[in-house]
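There's a structure below that I have some questions on.
Labels run A, B, C and D following the written order; every chain starts at residue 1.
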Amino acid sequence: MVARYVGMSAQRGRQWWKVLLAAAALTVSAAARAQLAPEPLGRVEELPEQPSPRWVWAIDLVLERVSLIDTESERYLGSVPGGYGTFLPLFPRKRPEIYIPATYYSRRTRGERTDVLEIHDRKRLAFVDEIPLPPKRALNRISLNHAALSDDDRFAAIFNWTTGTSLSIVDLQARRFVAEIDTPGCSLAFAAGARRFFAVCPTGALFFLELDEQGNEKSRFLSEPFFDPRKDPVTEKAVRIGNVWYFVSFEGIVHPVDVSGPQPQFLPTWEIVSAEERKANWRTGGAQHLAAHEASHRLFVLMHQGGRDTHKEPGSEVWGFDVQAHKRVLRVPLRFPGLTIYGFAIEPDQSWPWGTGRLFRWALDRFFPAAVTAIVVTPGERPWLITASEFVGALGIYDATDGQFLKRVQPIGWTTDLLFAPYGS
Amino acid sequence: MRQDPGQESRFDQWFAALARRFAQRTSRRSFLARLGAFLCGSAAYPLLPVARAATARREVPAGEPGVDAPHGDPSRCDYWRHCAIDGFLCSCCGGTQRSCPPGTIQSPVTWIGTCRNPADGKLYIISYNDCCAKHVCGLCYCHRNEGDKPVYFPQRSNDINWCHGIDNVVYHCSTAIVVGEAKDV
Amino acid sequence: MVARYVGMSAQRGRQWWKVLLAAAALTVSAAARAQLAPEPLGRVEELPEQPSPRWVWAIDLVLERVSLIDTESERYLGSVPGGYGTFLPLFPRKRPEIYIPATYYSRRTRGERTDVLEIHDRKRLAFVDEIPLPPKRALNRISLNHAALSDDDRFAAIFNWTTGTSLSIVDLQARRFVAEIDTPGCSLAFAAGARRFFAVCPTGALFFLELDEQGNEKSRFLSEPFFDPRKDPVTEKAVRIGNVWYFVSFEGIVHPVDVSGPQPQFLPTWEIVSAEERKANWRTGGAQHLAAHEASHRLFVLMHQGGRDTHKEPGSEVWGFDVQAHKRVLRVPLRFPGLTIYGFAIEPDQSWPWGTGRLFRWALDRFFPAAVTAIVVTPGERPWLITASEFVGALGIYDATDGQFLKRVQPIGWTTDLLFAPYGS
Amino acid sequence: MRQDPGQESRFDQWFAALARRFAQRTSRRSFLARLGAFLCGSAAYPLLPVARAATARREVPAGEPGVDAPHGDPSRCDYWRHCAIDGFLCSCCGGTQRSCPPGTIQSPVTWIGTCRNPADGKLYIISYNDCCAKHVCGLCYCHRNEGDKPVYFPQRSNDINWCHGIDNVVYHCSTAIVVGEAKDV
């Protein structure tokens, strides 16, 4: 709908070409007698069995879906719908499936509410099955860590928020809802082993939930507070490397939590900003401001310059840290991921007058705020840093090893909320 | 419509003046802002210099102009087969001009257009089968009305939602499939 | 979501103001000791009993609703949701209600389809009741004349399209579905009296359906063709003045159909474009390209300059005709209704540097294509012509008597599809 | 961030040059297009010179700055009560800063902020009750984070969907209601 005029301008262009064509047709037709054969109906595409580490999923809240993009070949591969409101897709390591905790009303925004865990096939990107859930899942602005898969893909935990808090446990092997287990005022859902999840409490403590083989509660454990939510809270957007979860606070303190043992180990904290950088007001912020690369033990943090309470402001740089050395090893100045309007990319091509293309690119990179709100890093050998800005359907691609800007991939939608690169090689 | 060549120069003068004036009294950013505010509209409408969708799939059958020809690129609105289409191009949505994106269902019923293939100068009947059962694709919208008729004349109407003959009327994108050669009209 | 940065820029501004404020506060606080009282919770607005002729409803397909705007006071009054896809709201003359033929899937875009006729209260803009319909209503791009109310508001007819055609008849007094009545290949739904509807057939004929007191079929009648759909079809967007429906063809021929008698009377056709104008390629086009003013017997037609097959191209002028004299009495050059992005209006205000406001307005009106896709005229004494462009949430307002441009009303949404001014005084 | 005054003049030169060059080789329309294409982005983002929503309702209680003061207009994001809001302003959606639009339901539970009223220099507790049960309003989005905390600290988190304590969690818009004076902190 939205780009009807675009179609029309193309049409105007066509009127003009028609003249040439008429001519062309006459001349050509004598020569080339290429006769097109009738084509089969009903063809539907399928994806290869083996996903690529550079396949990236991107949530678009306006188009109500999560889209799959091959950043290597720069192809839009397809999408999976998300239902009403925000949602967090889950990507199992073993099964060729995608799980979507989704919410529906019988009349779109009124009537009866139904929550389900949807199972979609990864090859056909088609709905397969749904598992009914208590209609309680949290519909918060940023859905990161609002659901989790156990390390063996057997169980899913979905975070419920009704002013009270709980976790819905689903057995993905048996494809059935197991139990709703209350979490004493603690929020979110993080995996910590094959039978364990944890949540963050308002006190700054962690609440651990151990499951039995059926997925019912086996035991629970409340840790000591490891930070002060009133002084300097950690964000909800922690990322995991191996058995360590990395929480980062508004002021840039990294709180590593090792969940390998029976009890969580709060490893020594460290800072991502030096004294001078702090003076220069460098802070982390954004919707998805952390990313990790397992193999190289790298933590990537989205940074900007701003005062207090700017913990949701978009970023202008990404800083890469070695989580073992606690040292910064990479500093990537960011560019705006790409200009799209109503799903159309504004990008120089042959139709642009000579020189204007280079001018446009230069001006875009030179004068345009990077405005990056989400980052992710692809797994595997030569990792790529993928960036997005929430009001455009575009991806900025960088070499995650040396920070080199590689390319833009667009259009991929109308808006871009969160990014996922789940397919390790 | 408002293409008055006589205005060209006056406009440019006005524009240069405007630019200087803005630059003097406001910061670069807000300068861009004011200007952008006015221009972005223009950009968003007929004037939009949209690039062909780089993320689209370009499947180019033998006997067609080829992706680099003005009417040869299936991801462009002015691809020759699109002469009577109204919808989102499946080539941009995970399919091609001849196949549906993963997880959608192709509608067996449809409307048709008659388009000329620049490569052989012949007219072909094009069937614009919709791909259905997923929420609207939203990429590469294209609307052309050669021979389009009102909805009470269905087989030639591109305003009709053609997701029918299957159990879901949710529209996702449109294909443009060659049915056969048409008698020259 | 979409305008987060706007909030932020405001925020930056605020940082600056804080300084002033701190100062201000100190000085002021001593003097003005205005103490704000706690405010009540739970307040919900209601509309006045008596609607105004200058209340205009505007459909926004992106925000999935029809919004009510008081064009006189320039206030956004509220909205009614529309369900999945395109829809046509119905506005009864007698009851303080709004009817929405709506479609829902149990899982948003999959699962079981349910069609209902929704009843919403006009004062509270709240859902009241729903009447189940056969899940067959037509979901075409432009919903104009896809449903109709009988002249006495007793019955509604909803156009069904499943490759076959039919009408669903609803008794609005009893609030129950009465019957689905097939229309032999004929489409759309127009009112023609208290117990009669008609549809347009592919042959260029009209199909009339007479109902009994219960709303069941009493008799049917197929007219002679009154135009040739292959040569010069009339659009689906006919408007009504008294008992005459005015159909206008792609080439600008007006086909008046008088439905007062037992049989339709096809009145003499007339043209809206003179020979010279035709040479200058003046054509009618747009999504909602016709409007009518009952009292003054005026027909308003949206016009543009373009070649064949431009019957959906946006308009640059509105021409007003006296339907009795078949003469043009008004020619209104149009302006772009207004620039909005993500529901924000780009409009000069005190925050703009001196002079830039006037420049902006001047440039917008001088260089910007009018791009009008929908028009409507308010009923009553001093009618207003209301215009909209589908990719912006803005209304352009003109005096429908002398064509004077009056003002812009914005923002009213993200996109604007169709307009309705149903409240005659 | 990229506010480098040193660039000012260079930019303007570049710009003037660009303008002339474009004007020479392209029509006014496509000139606007290219330029607009680049600028509209800038306009759509931090730089956007959005007007206050003319279609909003401005209910100004006694003891507040008043609509013409920078923080006095309830339809503006920088209205003093909005210091910790994240959502669409109900004043733009058919309600006011203190009441919900017709046909919505006000959530009884909510998050709060502490904002200073410029008119009396005092701090007030503001309750940002959501109006619910209608699809998102989409007008006058405003996001400010003074004292905002993560979702695990609910009473101070504006990222939480607060449509609760009623039978429908669909979010439409947010109010900003004075609960009472706060101890100066």
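Simple rule for what comes next: a contact is a pair of C-beta atoms (placed from the backbone, for glycine too) under 8 Å apart; a residue touches a chain by one contact, two chains touch by 3 or more.
Note that the structure is predicted; figures quoted are calculated from it, not measured.
Of the two chain pairs examined here, A-D and C-D, it is C-D that is joined by more C-beta pairs in contact.
Farthest from chain A, judged by the mean position of CA atoms in each chain, is C.
Chain A and chain C have centres, each the mean of its CA atoms, that are 38 Å apart. Chain centres here are Cα means. That of chain B falls 25 Å from that of chain C. For this pair, chain C with chain D, the centres built from the Cα atoms lie 29 Å apart. Touching of two or more other chains is recorded for residues 1-2, 4-5, 8, 62, 64, 81, 84, 108-110, 127, 141, 312, 341-342, 346, 352, 367, 371, 391 of chain A. For chain D, the set of residues that touch two or more other chains comprises 11, 28, 30, 32, 34, 37, 40-49, 86, 134-135, 143-145. Interface of chain C with chain A (complex): residues 1-2, 4-5, 8, 15, 61-62, 64, 81, 83-84, 102, 104, 106-110, 114, 116, 127, 130, 141, 307, 312-314, 342, 371, 390-391, 415.
The residues of chain D lying in touch with chain C in their complex are 28, 32, 43-57, 61-64, 70-71, 76-78, 83, 86, 92-96, 98-106, 108, 116-122, 124, 127, 129, 131, 134-145, 177-181. Interface residues of chain C facing chain D in the complex, by the touch rule stated above, are 1-11, 13-14, 17, 21, 24-26, 28-29, 32-47, 60, 62-65, 68-69, 74-81, 120-121, 123-127, 341-349, 351-352, 367, 393, 409-414.
Chain contact summary for the complex, chain C toward chain B: residues 84-85, 103, 105, 108-110, 113, 138-142, 161-163, 186-188, 199-202, 229, 233-236, 304-305, 309-312, 316, 336, 339, 341, 346, 352-356, 359-360, 363-364, 367-371, 391-392.
On the side of chain B, the complex with chain C involves touching residues 1-2, 11, 14, 18, 21-22, 25-26, 30, 34, 37-38, 40-42, 44-46, 86, 109, 133-135, 143-154, 159-161, 164-165, 168-171.
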